[in-house]
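To keep things simple, chains are lettered A, B, C and D as they appear, and every chain counts its residues starting from 1.
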Amino acid sequence: MIWLLCGIVLMGVSGLAGLIGSRARDGGQKLACALILVGVTLCLPALLKVLAPTATVINWRWAVPGGQFLLELDAISAAFILPLLLVVALGAIYGLGYWRHREHPANATKLQIFYGLISAAMIVLLLARNSLLFLMAWEVMALAGYFLITTEDHKPEVCRAGFIYLIATHSGTLALFGAFALLGTGQPGALSWPAAASFSSPQAGLIFILALFGFGMKAGLMPLHIWLPGAHAAAPSHASALLSGVMIKTGIYGLVRLTSFFAEIPAWWGWTLLLLGVVSGIFGVALAIAQHDIKRLLAYHSVENIGIIALGLGLALLGRSYNQPTLVVLGLAGCLLHVANHGLFKSLLFLSAGSMIHGVGTREIDQYGGLLKRQPLTGLFFLGGAVAICGLPPFNGFISEWLIYLASFKVLNSPSGVLSLSLLTAPALALIGGLALACFVKVFGISFGGEPRTAAAASAHEAPATMLWPMGIFLLACAFIGLLPSQLAPLLNRAAAQWQGQDHPLPLSLGGPLAPLAAISLAGWILVVLLALVFWRLRRCSQGARRDLGTWGCGYPFPSPKMQYTASSFGDSLVRLFNFGLWSKRHGGRPDGLFPATSSFESHTPDLFLDRLFSPAFQGAAWLMHGVRRLIQNGVAAIYLLYSALTLLVLLALLTR
Amino acid sequence: MIGRIVLQLLILLMFAPLPLGVINKTKALFAGRIGPPLLQPYYDLARLWRKGFVFSRTTTWVFLAGPVVGLVVPVLACLLLPFGGLPAPISFHGDLILFVYLFGLSRFFTAAAALDTGSSFEGMGAVREVTFSCLAEPIVLFCLLVLAHGADSLTLGGLLGPQLTSFWHSPHAASLGIVLVCLFVVLLVENSRIPFDDPNTHLELTMIHEVMVLDHSGPALGMILYGAAMKLVVLGALVVRLALPLQTGWLIGDLLVFLVGILLLAVVIGVVESTMARLRLPRVPQVLVGTSLLSVFALVLALR
Amino acid sequence: MSTLLLLIVILINFYVLGSARLVACIRAVALQGALLSLLPLVAHGPSGHALILGVGALLFKGIFIPWLLLRAIREVRIRREVEPYIGFVPTLFLGALVTAGAFVFADFLPLAAEHHAGLYVPAALSTMAGGFLLLMTRRKAITQVLGYLMLENGIFIFAILLSAAIPLMVEAGILLDLLVGVFVMGIVLNQISREFATLNTERLTALKE
Amino acid sequence: MLIVLILFPLLAAALSYALPWYQGRSWVLAVSGAVHLLLSLWLVIPSPVPLGPWLGLDALSRLVLVVTSLLYSGCALYAVGYLNLRRDRGNRVIIPCLLVFLAAMTLAISARHLGLLWMAVEATTIASAPLIYYNRNRLSIEATWKYLLLCSVGIGLAMLGMLFVAYAALVGGSTPVSLQFDTLLAGAAGLSRPWLHAGFVFLLVGFGTKMGLAPLHTWKPDAYGEAPGMVGALLAGGLTSVAFLAILRAVQLMNAAGDGAMARQALLGMGLLSLLLAAIFMVRQPDIKRLLAYSSVEHMGILAIGVGLGGVATFGAMLHLVNNALTKGCLFLSAGNIQRAYASKKLSEVHGAMATLPLSGSLFLGGFLAITGSPPFGPFMSEFTILRGAFGSGHTLIGLVMLLLLAMVFIGMGATALGATQGEAVKLDTKFKDNFLLVAAPLFFLLLVLLLGVYLPAPLQTALKDAAALLEVKP
């Protein structure tokens, strides 16, 4: 454990290396990256021991009221820390190529400092077992995240995104203050956390609501996701990967951890999460389809995936409420595994998106095209990530979604009538999956397929090796979980047991809820082998075929790259289908008359909640407050004296009875 | 065990193109023509396999991956299904989800291959394909939920097991009937049949699936056709098993029932194709949403 | 004797509230201060403490501060009219109201036995309230200073009730503080008139929100 | 000894007035600040000195003394650098005034006699008026005028309040009529209730004006906005604490008389109102120093709420007093730097401070994060403790309202603070540059606040506990 702590400290201070190393040769950056790698390595031994029967704990005194420096590594924490370490390490390597010090002298050091800081803060957060320690780490993470997002703070849109993020995260933190203060009532001493399934409070509902707001804000559950698209789009890609792949999961971690304390879980908790999960999932992906900025699109997919994770957690909570142990195990395992999976494939996608941005110089999907020829490896990695995020076999996304499906099917066996409502999870998940597929077909096909739409895309170049290797490793990790999921089963099983406060997990072998993972693995291998064989055979057949012809234009002889489908046109039919909830703005597009003049079409989908609800509401409130201000603080001293007199009178009337 | 698996695969591989021939024959008969011979799909495939490739200079390896996945997926999916008296070779808790998602994989690659050509027509086809299947997937899930409820099992083998007979006789038979209808609709959508898509139309603008594979040639096109045929059989197997849950207890008998069922299904499809007009494209989502509602209704009936 | 004095003090309140002439107001407040300086002697007999208090009050409240103010208006040559936010009649009416209120309020409060008869408490409260009214209803900075003085006068009346409790040093300190306070106000007044060429506080409303 | 602490700033004031050397005067101030700090630490750290009839230090005043002195010494150091920039203004007035102000504050903190306390507080008002008027323009006159008028009237009311309390003793009959605080405290049970209550209200309104509780805060934005940064820091961190101490004296009296609950409710109400009004005024506040002034109103509200809630929250309020003073010091000083550099304090002209003035800009941003209660800074710890108090004592609704208002404050303050600090570097017209004297003090304050957030040494904890214990109702 002490090594773990050393690793955390090394990561935390790694960025300071940027201050000393030589700028021209990126020396500081390399040193910082090395420090992070060493830090990650130091963390690993403790993680390997997580399945050992004795827990690893650090318990030190801490001289603040209610404070106690209590860290503990259990299976739940480990499930979050494992992907975190991978993302942090690979992101740091990627940064060497993507955000070189000498190319970004103004902000590379800042980025490096906060990159290390946020990594360390997140690990501490995931290990903390004391409210104060947790909140400290939480806010350090949130603030470091803010500085990552505003790396390029000379751009106004980046500042705006950062501001929205900061507001959102701080409001969430305040709610957490409330939740943890309530959690600590009745505890005179340190605010250390109760053991799993041992806590009960008359204000449990309020705690849950506050925590749902605070953690949901961070995780990006649907009405609270407002900060997410802008922030992920604004940050440098490897920072986005860290934010989207790992940071937002701390919200999920918070919910998982907090709900584990309670001995009794009211059914409405699970239902609320289920509902939020469905809304986030469906609308997240629908909004993603409507985007044409690749990083915004990926950010909305984070909302979608958080929705899926919330579905898993919701089912697990329902399992607790209705006493369905298999439901708990499957739901929580799905939730935790999807957390890890999303961390992997979303990071992969953000990194490869970064490589595309690096190569082409824009985030607009509509300006890409034909990139697979110019960036073959990036394309391959992106394709892998896309298949994984759509939840398709043989990659890891399928495994976790499968667990959640299975959980929702398990409900069929339950005697409770109300519970069967949660069956709707399965079709909702199917719809989400279908839409995600549409979306990623769009992104992959439009960006990598076809002909380049712009000169910039035509002259795109492949990323350097420091960027390609991390992506490759992510893809391997995705495939690993997809093909050998049973390797993770013990960890998940134990996490589920710890979550319920049980000492002994359900059996893993035959009959246990996680047993079929081995069979899936078999199917996955068959699929991979068959695909490889047939592809190899076809490839051999097709050698020597003519490759110098144009695409068949259905009789039209002069096709141009501009005639290809674009991201907007691809998304249009689906966006129209969801227009009841998206309210896209559409301009032009209909040719008029017999000889139509040049016309253009563009569609733009503002965020449902940020641009349509929160922004106007805040504007209105600000206007109202402005009015109140003019009225109260009007500059006339006589009126101010009147306030004094009135205060005096009111207080006298109230107090001297 | 191995023998049964090989037998099942052989049935799939050998038998797959036949239903297409039956459909075409049926349609021809309805139209008062003699029509192509029943084995015409086999001839087509054989001829395509002998031909050479032509590639657009725009395409990449993804273009080839489409047909590959389209071929492999039905084969693997077939391994998850019981065929007649043959039990499913791979069976585990929750294999039904793998079944559904495998077809998602094939759709992903087919559409990606279509976009790889850079043709606006193929892009159009890809959009339609992914849009409609989005709506079809929840239907399948609802149907599977109904079946799983009836079977008290989460494997495809269990779902389609002997209890189906009693299910038909139980008060929940109505829901099973609705499920059958819904799955049939999904079958038509997934296999691009009228009234959702017309595989034989000549106007690219109205196509869905066919327009996606315009640029394929030679063996690759053959693989696509073959894969589509197998997909029809695999999905058809599901419908047939539901409609004809006869259990003779004798392997050959069960297999015969199964094969006859598939051919009957082909005839029914042929009849539907002959008697119905193709839907206007904007109508398709409406029909699919309607079908989803129907499947929800089935679930409600089943849980009642 | 004290009752008579206090009655005059209250009447002066009304006079100041109703008067339109600035110089007259200043003189009235000066008179009020001078009258109050007699009060300690009247209340507690001619002890040393009372004497010093009385002389101090007379010097500051009756002579020095009014002189300062008069000099200020002479120097800046401002219009010698009181400019109220609300008219004289309403102010007087309000003044009557608060005075009546002070009397009623004083009746409700449990007074020490020896103060039941006197006008001390109602006079203190009503002078204070009158000062407050003056502060709130007048435009000129200088009238606001007058209001503050009246307020202090009210407090002074009350303090006389308790002069036993307040040591002389504190009493002196308080008076000194008051003096310096008004002195500083005078300096600021001077600056205001230099900078704005007026003593109207209407120009002093640039800082808002 | 205490008397030395009060008198030597006065001597230094005289010295600085007499000294004909500009830089020398500045250093007299800085040295006096440092000496004051050392002396007060020397006074406070050993075992408590017995309370005298006039002067004395109890746990509460020890706390306020150290905080004020710490803040003052930092500001005095800053003043050397600052006054260097403002040679045209001269420092012959401001430095003696600053020193008198220090003496008055020290006297107010250590006074054990209510009359003396009143005198000292009034003296702080008078001494600080020239400080606010330092810039000598129309706006600063206006601010000074309003400050003088409102605070003088307020202090006048407080005087009446004191007299009422003394009269309560007179009417009650069983206690000696005196304004000596300990005498009053000892005989509090015998005070006449109506007079005591009225006295409390007048004291609350009077010193509340000085402290800046809404709706008596109206002078604050003007005065803080127009005064130089270090004066703002001293007012917001030092003077408000002193005024709060005066209010706490009244609360102590009410507690001793057994009417503590009533006092707490009044504080709670005014605290919430302050928080609400501050939140309303901070949304889209285009002026960074007025923003800080409203933030000060907000934090006075939090202090009042903390004491109003009682229990753990009182401890939180004591801690918050320390944190608020130090953080405000950092904020006002760095805002002063920004204002000097941009020659403006309006958001329309101030942006990109982080890039333009890396140190001052970062300090301002850090101060903003600290004051809004972000962990790991000190105010988080104190606000969280107050929240714990709220939820723990069953005031769930108040806790939730507080959270909501804090969120509003954050949004409002964030828009301005981030707008000022973020963005591209600006080419400055002024020759301003961050230097050691101008940055050391705010940096020190911020580091101290950070330290208080992660580590609360045992002696400090004891001191805070003792201070809070004075406010507890004794059974």
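To be clear about the criterion, a residue touches a chain if its C-beta (ideal position, glycine included) is under 8 Å from a C-beta of that chain, and two chains touch if they have at least 3 such contacts.
These numbers come from a predicted model, not from an experiment.
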### Query
Shared touching chains for chain A and chain C?
D
### Task
Any chance you could check whether A-D or A-B wins on number of contacting C-beta pairs?
A-B
### Cα-centroid distance, chain A relative to chain D, in whole angstrom
43
### Query
What is the distance, in whole Å, between the centres of chain A and chain B, each centre taken as the mean of its C-alpha atoms?
35
### Task
Could you grab the centroid distance between chain B and chain C? Build each centroid from C-alpha atoms only and quote it in angstrom.
99
### Query
Where the centres are mean C-alpha positions, what is the separation of chain B from chain D, in Å?
77
### Task
Send over the residues of chain C in touch with two or more other chains.
132, 135, 144, 201, 204-207, 209
### Task
Can you tell me which residues of chain D touch two or more of the remaining chains?
145-146, 149, 153, 194, 198, 221, 281
### Residues within chain A bordering two or more other chains
626, 629, 633, 637, 641
#### Entry: Contact pairs between chains, per stated definition
A-B, A-C, A-D, C-D
### Query
Touching chain C in the complex: which residues of chain A?
626, 629-630, 633-639, 641-642, 645
### Query
Tell me, which parts of chain A touch chain B in their complex?
369-370, 372-373, 376, 379, 383, 386-387, 390-393, 398, 401-402, 405-406, 409-410, 412-413, 420, 423, 426-431, 433-435, 437-438, 440-442, 444-446, 448-451, 515-516, 519-520, 522-523, 526-527, 530-531, 534-535, 538-539, 541-542, 545-554, 559, 561, 563-565, 569-570, 572-574, 577
### Message
For a test of understanding, state which residues of chain C touch chain A in their complex under the given definition.
### Response
85, 132, 135-138, 144, 201, 204-209
### Task
Over in the complex, which chain D residues touch chain A? Could you list them?
145-146, 149-150, 153-154, 157, 194, 197-198, 200-202, 204-205, 208-209, 215-216, 218-219, 221, 262, 266, 277, 280-281, 283-284, 312, 315, 319, 352, 354-355, 369, 372-376, 380-381, 383-385, 387-388, 390-392, 396, 399-400, 403, 406-407, 410-411, 414-415, 418-419, 422-424, 453-458, 461
### Residues of chain D that touch chain C when the two form their complex
113, 115-116, 118-119, 122-123, 125-126, 129-130, 133, 136-139, 141-146, 148-149, 152-153, 156, 159-160, 163, 166-167, 169-171, 173, 177-179, 192, 194-195, 198, 221-222, 225-226, 281, 285, 290
